[in-house]
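Okay, so chain A shows up in both of these, paired with chain B first and chain C after.
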Partner chain A sequence: MTDLPDRTERKLGLVIDLDVCVGCHACVVSCKAWNTSGYGSSLADTEPYGPNPSGAWLNRVHGYEEGEGESAAVVHFPKSCLHCEDAPCVTVCPTGASFKREKDGIVLVDESRCMGCGLCAWACPYGAREMDPAAGVMKKCTLCVDRIYNENLPEDDREPACVRTCPTNARFFGDFADPDSNVSRIVAERGGFDLMPEQGTKPVNKYLPPSERRGAQALQIPQDRLDALSDSSLSGILAWVDRALSRL
Partner chain B sequence: MSEPAVDTSPFVSDEIRKTTCYMCACRCGINVHVRDGRIRFLEGNRDHPVNKGVLCAKGSAGMLHLESPARLRSPLLRIGPRGANEFKEIGWEEALDTATKWLSETRRKDPRKLAFFTGRDQSQALTGWWAQQYGTPNHAAHGGFCSVNMAAGGIYTIGGSFWEFAQPDWERAKLLLLFGVAEDHDSNPIKLGLSAMRRNGARIVSINPVRTGYSAIADTWLGITPGTDGLLVLSLVGELLRTGQFDVESLRMRTNAPWLVRTEPDDLAGLFLRGEDGEPLVADRRDGSLASYLDPGVIPALGLDVQLDDGTVARPVFALMAEKYLDRRFFPESVSESTGISAETIRGLAAELARTAFEEAFEIDIPWVDFRGIRHPATLARPVAVHAMRGISAHANGFQTCRALHLLQILLGAIDCPGGTRFKPPYPKSVEMHSRPGRTHGLAQPLSGPPLGYPLGPEDLLVSPDGMPERIDKAFSWEAPLAAHGMMHAVIPNAAAGDPYEIDILFLYMANMAWNSSMNTPAAMKALCAKRSDGEYRIPKFIVADAFSSETVAYADLVLPDTTYLERYDCISLLDRPIGEPGLVADAIRSPVVQLDRDVRPFQDVLIDLGAKLGLPGFCNEDGTPRWQSYAQYMVMHEREPGIGPLAGWRGENGDCSGRGKPNEAQLARYLDSGGFWTEKIPEQAQYYKHVNSAYQQWAVDKGLLRAPKPFVPQIYSEPIRRFQLAAEGHGDIQPPDHLRERIAHGFDPLPVWYPSADSVDDSFSLHAITQRPMAMYHSWGSQNPWLRQIHTENKLYVPGPVCDLEGIEDDDWVWLESEIASIRVRAKRMEAVNPSTVWTWNAVGKRSGTWGLREDSPEATRGFLLNHLIPDLLPQQPDGLRWSNADPITGQAAWYDLRVRIRKAEPQECGSYPTFPPLQNPAGLADRPDEVRYGQEWAND
Partner chain C sequence: MHPALSIILFTTLSGAGLGLGFWLGMSAVGSTFQLTAVTALLSITLAGGGLMASVFHLRRPTRAWRALSQWRTSWLSREGIVAPLALAALFAHAVAEWTGTQGSNAIGLLAAALCAGAVFATSMIYKQIRAVAAWSSWLTPSMFLGLAAAGGAMLGVAVESVADQAGNAALIGAIALNLVAWILVCSWWMRLDRVGMGTSDIKSATGLGAKGGVRQLEPPHTGSNYLLTEMGYSVARKHSAKLRMIALLTGGLVPVVLTGCALQWADAPFLVPAAILHLAGVGISRWLFFAEARHTVQLYYGGR
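Our next item is the complex of A and B:
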């Protein structure tokens, strides 16, 4: 079993805004594109051109429907490792491969120590870890640890690939240990929430809820306004034409 | 155990090359990180006007296209029967000699016998010019089966359109009506914009039969019945008129609402009353006297009928309009059942449009001068925007529906204003300023002009004196008079039938007409293989240029293999489909970022080479030697007219001109140094109301975007359209054939109108069937990309919950879907967020077995499907025995979304996609398919 640090200096993580996510998968593919040539082994794909294409991904988007008829809603829900403070994937690891960094709280897998037993994926309540089918080691979101401090990249690119690419700007990256950080502030303002808090893993990543949608009912106007607009003194449409055209 | 050390600053790439994406038609700027000659990473270019740094799933997966086993690797010559995908590899010399021989014989005999059509191509400025110089009118790109209704409806009405010609003012709009938009097109700008609107607290109303991605984040989703958008919009128009909520000042001063329409004599009825200078006349509101609309002192009346000296009466457009749309048939209660939207909601939406346009109006502190020379001390904002695309276009009533949408914007005074939908240069551009379709005399000489254009009346049609179509696709004939983008979807059926004539050569570039781009796909495949009684193919020669092993390549006689977008020069030209923003003009290039590793050539280079080999004017020097050595050289040195070429930036000998200027040999280097694109801001006082803004008009002339500073007054009532209707009523020398007379008289209503599309179908086909574009795929291209195909490996049929309950259908059941012409078997999935009479699926995920480098048993072929098999290319027989195209009668736009179907659960033993087609073997020379991809593994241990 592997120990978690007592505390971390920073708590880096993501905020994902479900109010604007359109489910386009840009974050999913950009993540794969960066990380397949990034930290650790590549993210392999098996049967890439065959009947059962499958591969390791660090981030996936799920879609759900809610309600029926006019009020039926569709929610898109991106999901990757939440870098939990009490990460069960770390404590369950028999080899010390899974670890949480003391400096910034990022949960990583040291692939040289990983024997591919899969216990961590079993322990993760979020299903956020995937076994690489070629390397046989566990892959997971690294928060782009090889981007965020990378001096070979311009400063404004030192953020996770998913955040860099998101076409609806639905993803934010920052330090939750700092109450004045961008992510702490937006979570406070928008009522950011934990995913499945009952699991007790204290996820660092937060989600922003979809804001209230003004549905078709909200378009229906009050009768008094309707009456005013209709100008009930008019006897009919032809009368309106006469009146309007003389005015114009 | 100590915490493992992590290298947080690893090496990234040897260099970053900036070019333009082509994983879809959006044309985002990309930074390509190149390492050891391969692509390490692709990201959006933060400085680029289109995507501002972001990049979608397709764009981010671009490097996997370079690994695709479907990439063609050398020119191919057919050795088996047509359609069997049996080829031998040949060299380029033989390929070009063969093509030159075929094309040269045909040109000498009759250049019309070449049909040259291009698909998802973005070099229409080159391909159109090539066709013009060759002398064939039979050229177009794919607009006829994409969104010509949107383009033409916009050009005839407001001088521009949605899609890349205009966009909502995302930052300032407070209400957006978003009609059916393909979610893979223009996708990053739309996503950026929708997100900005939500964060600004603006309201998004999505009007779409299906609630997917963009609609998912809308405030209000109105699940409209397909094909009824025009009815909804005209009901909104009626409500705004009835409640007196429209922009009188704008209608009066800056639209043709006050223009006077003659009522007599019969041959002039419905045309505008014009002064001796040809300019339209209006009645002055103060004394009823006639005045030119352009007169700086005029106050045009909207409601005064005028008795002319000859005793006849002329009526203002506004009066005609009010009478038409105040009719009971447009009442919300009257349209509610057809549209599937309640009367209360329609009233509420009309009120919300008016409230936002008028009560939330504001001014910005920019003075401007209109076309009459009148100075406006500030710029008025009406923060209501509209955006739309294929969901509107792909119906047989789409042209008029697009006009109706623009009419709604015109009534609200929300054309190119702050907060409205704004034009992007080079638009607006009036229909008069566009060219007419080029004519041929059947000789080996250039056409009189570009093959495509915008007719102003029957005299611009391409028909013989007896009314027969002159083009193989019958564009610009009485069957489709305003077919401004051609009708590629009609080429193969017509050529196989010899109707209106036989052709020698079909030459297609990047168009999958043997699969997802044709209606009634089995018929298209059969037509490509049809033979005459003498054993010769009905389409004798078929040349295909493409980068990948598509379903269509299998039918080619000669294959000219193209490169990917990362291996060639290209230009995104203002002469073609522009990029840019409402506030700036822009163009861009592509440049090779990786070395070619196979014997293929950029198609544009090949076309230029063929042009020279054929001796086409413009492609040769006077001594017959080739004028251009490459497309890159053409991009810089070609002049369409003096001073205007494919690229507008850094013109002039020293590179200090823009828009107009002499060619600059260093131009390409300047583009490369500047991230692959060029932009220039529109001067502040020219930014808004561009169609009627004199500073914009002058600026646009200076930049070479317009030939003359002529305003374009929005045309609620369209005189060119009336001219066709007049002909159908029997007036004029150029007359439609009798069997089309009634259809033209009915469809060519000079005021926007709605008529049901697909109304002739048997009532038992009670469901509508449509496709949607997945955001992570671009047409058929995505399936060869292992990352993208994991997102959409197969497609299912989404069936409304109530229909599932009625038919006893559960998720993953196989069901039969039947139309008038065919049945297909597909897998069902229940969905609630869909119009209750509509089934739908993702577009073009289904593949023919053995294509696109995929294994024969891939899910795309065994479980995926196309709706195309169900879509008739011809409508049911008319009483006179004739059959019309399944197309808009005005533009010829393919009416994909008029499909009507019925559904039933398949028997338990019936499973798997139906129909299937014989699997194709890979064509010669393709690389082996790997069993595993470990992209980037070579850098894993650095």
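Our next item is the complex of A and C:
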């Protein structure tokens, strides 16, 4: 049923570190690669090599600029389903295809029940759901439900494909219901935050803010180092080279 | 939001058909057996046709029957259950009237309640979506109910007028309902202009902004995608003022004037064109209802 569980035993989700993400899109590609051959129908593209490529993806990396002038910094911003505690996409579903699991809080679509009305995608404020252009059913992040419990995989691989592949460790996977889990601790230490809390969705996934030091200003070389490079303060062999070159 | 033709037809035709069913069930129209039968047929055809049109919106229409299952949480499911029940009750009412069965009035009242409930459920599908601030207001159900009542009344007096049975009280009622409905539409538009995308902005959407402004630098994909075609619709804003005026004139003002003329010159055929124009105007306003409404996902793509 599309009733939301009062509480879930575990709250599995992701932490995304906006300070560390370099915007390489490896998580986007590995997500597509895993999920096009994993849970449910394949993730279709239309005109992938044509003039207007389009298709269903479960994870997308946006690029933003924050701040003004010299202090402005680029922030790469991966976005996928936040597996909300109060998921509006689930309750609007008329067929019972969308559901939130009581066991671990993962929000899933039972594709065999989905009639492709698209109402859940409208209800999601984050744009986390995309209609599959070929299968005509709703697609969304499954938190790689077919990896994380998969005993046929080596234990290292039993985490979502995006987390496993991230080359900068900008993504963490864990149980937010456990206050001592890796994700709970990181969120507490680094001030993890919710996206659009005013929408009342209570997202499980959290984001870590970019650090204060970022931006061109942070890269400005202190004046004493600049002075050290000016010829007046050169001495020894560097001073001789400087003089010799200046005379040429 | 993407203004899908199937959904515009569905909400416009079903709204008017169910509105007509409401007035029929309340015995406000259908003064003779024949008129009851014709009115019931028109109501069921419009509402049923609208429901059929809505099925074309589905990517997997053969699974539409599953939509009857989630009435506990889903307004779309509730709508899918109540609307066919309303049509069945209207049919039963018409048969009861025709055969002179006792309790026909009670069946009529039940049908009226179900018709109103179906329109309300349709409107709640939109009202419940917080991500679309323009829809997320009690003005949305008020407007849907108001337009359905007005459309039903316009159709009702049009059918009566064909048989020279349109009474002055019904005509005045239709004028009043039309005025109320379009006042609600105008209030809805004024609210839309005020709320925009609601309290969410690019800062709350990204959690950034501690250092100042947040701007989109590069989108996540070079082509279009489902999110942009479905929720990034922005064509309407260019002509919205003109289209609102056209909707208001076609759906409200001209039908009201024509109905007024019918009060004066009872023999002339004013009411059928008035009802058709009204439906066309509602259709345009419904196109705007979708096209002008903005979804918070636009924030992630640099929308303001």
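Here, the second predicted complex is superposed on the first by the 209 of 248 C-alpha atoms of A that agree within 3 Å, B and C clash if a C-alpha of one lies under 4 Å from a C-alpha of the other, contacts with A are read in each partner's own complex, and residues count from 1 in each chain.
Heads up, the rule we're going with is that a contact is a pair of C-beta atoms (placed from the backbone, for glycine too) under 8 Å apart; a residue touches a chain by one contact, two chains touch by 3 or more.
Not measured: the values here are computed from a predicted model.
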- [ ] Classify the contacts of A:Ala73 with the two partner chains as first (chain B alone), second (chain C alone), both, or neither.
- [x] both
Open item on the list: Let me test your reading of the model: by the given contact rule, A:Ala170 touches which partner, first (chain B), second (chain C), both or neither?
Closed with: first
Open item on the list: Which partner chains sit in contact with A:Pro197 here, chain B, chain C, both or neither? Use first/second/both/neither.
Closed with: second
- [ ] Scan A:Tyr207 for contacts with chain B and chain C and give back first, second, both or neither.
- [x] second
Open item on the list: Quick check for you: in the superposed arrangement, does A:Tyr126 touch first (chain B), second (chain C), both or neither?
Closed with: second
Open item on the list: Taking the superposition on A as described, I'd like to know which of chain B and chain C A:Ala188 touches: first, second, both or neither.
Closed with: neither
- [ ] Kindly classify A:Gly55 by the partners it touches after superposition: chain B alone (first), chain C alone (second), both, or neither?
- [x] both
Open item on the list: Let me test your reading of the model: by the given contact rule, A:Thr2 touches which partner, first (chain B), second (chain C), both or neither?
Closed with: both
Task: chain A positions touched by chain B in one structure and by chain C in the second - done: 2, 28, 53-55, 57, 65, 67-68, 72-75, 96, 113, 133, 210, 215
Open item on the list: Quick check: in the complex, which residue numbers of chain A touch chain B?
Closed with: 2, 19-26, 28-30, 32-34, 36-51, 53-55, 57, 65, 67-70, 72-76, 96, 99, 101-102, 108, 110, 112-113, 133-134, 145-146, 148-153, 156-157, 161, 164-170, 210-211, 213-216, 218-221, 225-226, 229-231, 237, 240-241, 244-248
- [ ] State the interface residues of chain A toward chain C in the complex, per the touch definition above.
- [x] 1-3, 18, 28, 52-57, 60-68, 71-75, 77, 79, 88, 90-97, 113-119, 121-127, 130-131, 133, 136-137, 193-200, 207, 209-210, 212, 215
Task: List of chain C residues in touch with chain A within their complex - done: 1, 57-61, 63-64, 66-70, 72-77, 80, 125, 128-132, 199-200, 202, 204-227, 230-231, 295-297, 300-301
Task: Complex contact set, residues of chain B against chain A - done: 1, 3-4, 6-12, 35, 40-44, 46, 51, 53-61, 63, 69, 183, 187-188, 191-192, 194-195, 198-199, 203, 205, 211-223, 241-245, 248, 252, 301-304, 318-319, 322-323, 326-328, 341-342, 344-345, 347-349, 351-352, 775-776, 784, 786-791, 793, 801, 831-834, 836, 853-855, 857-859, 862, 929-937, 939-940
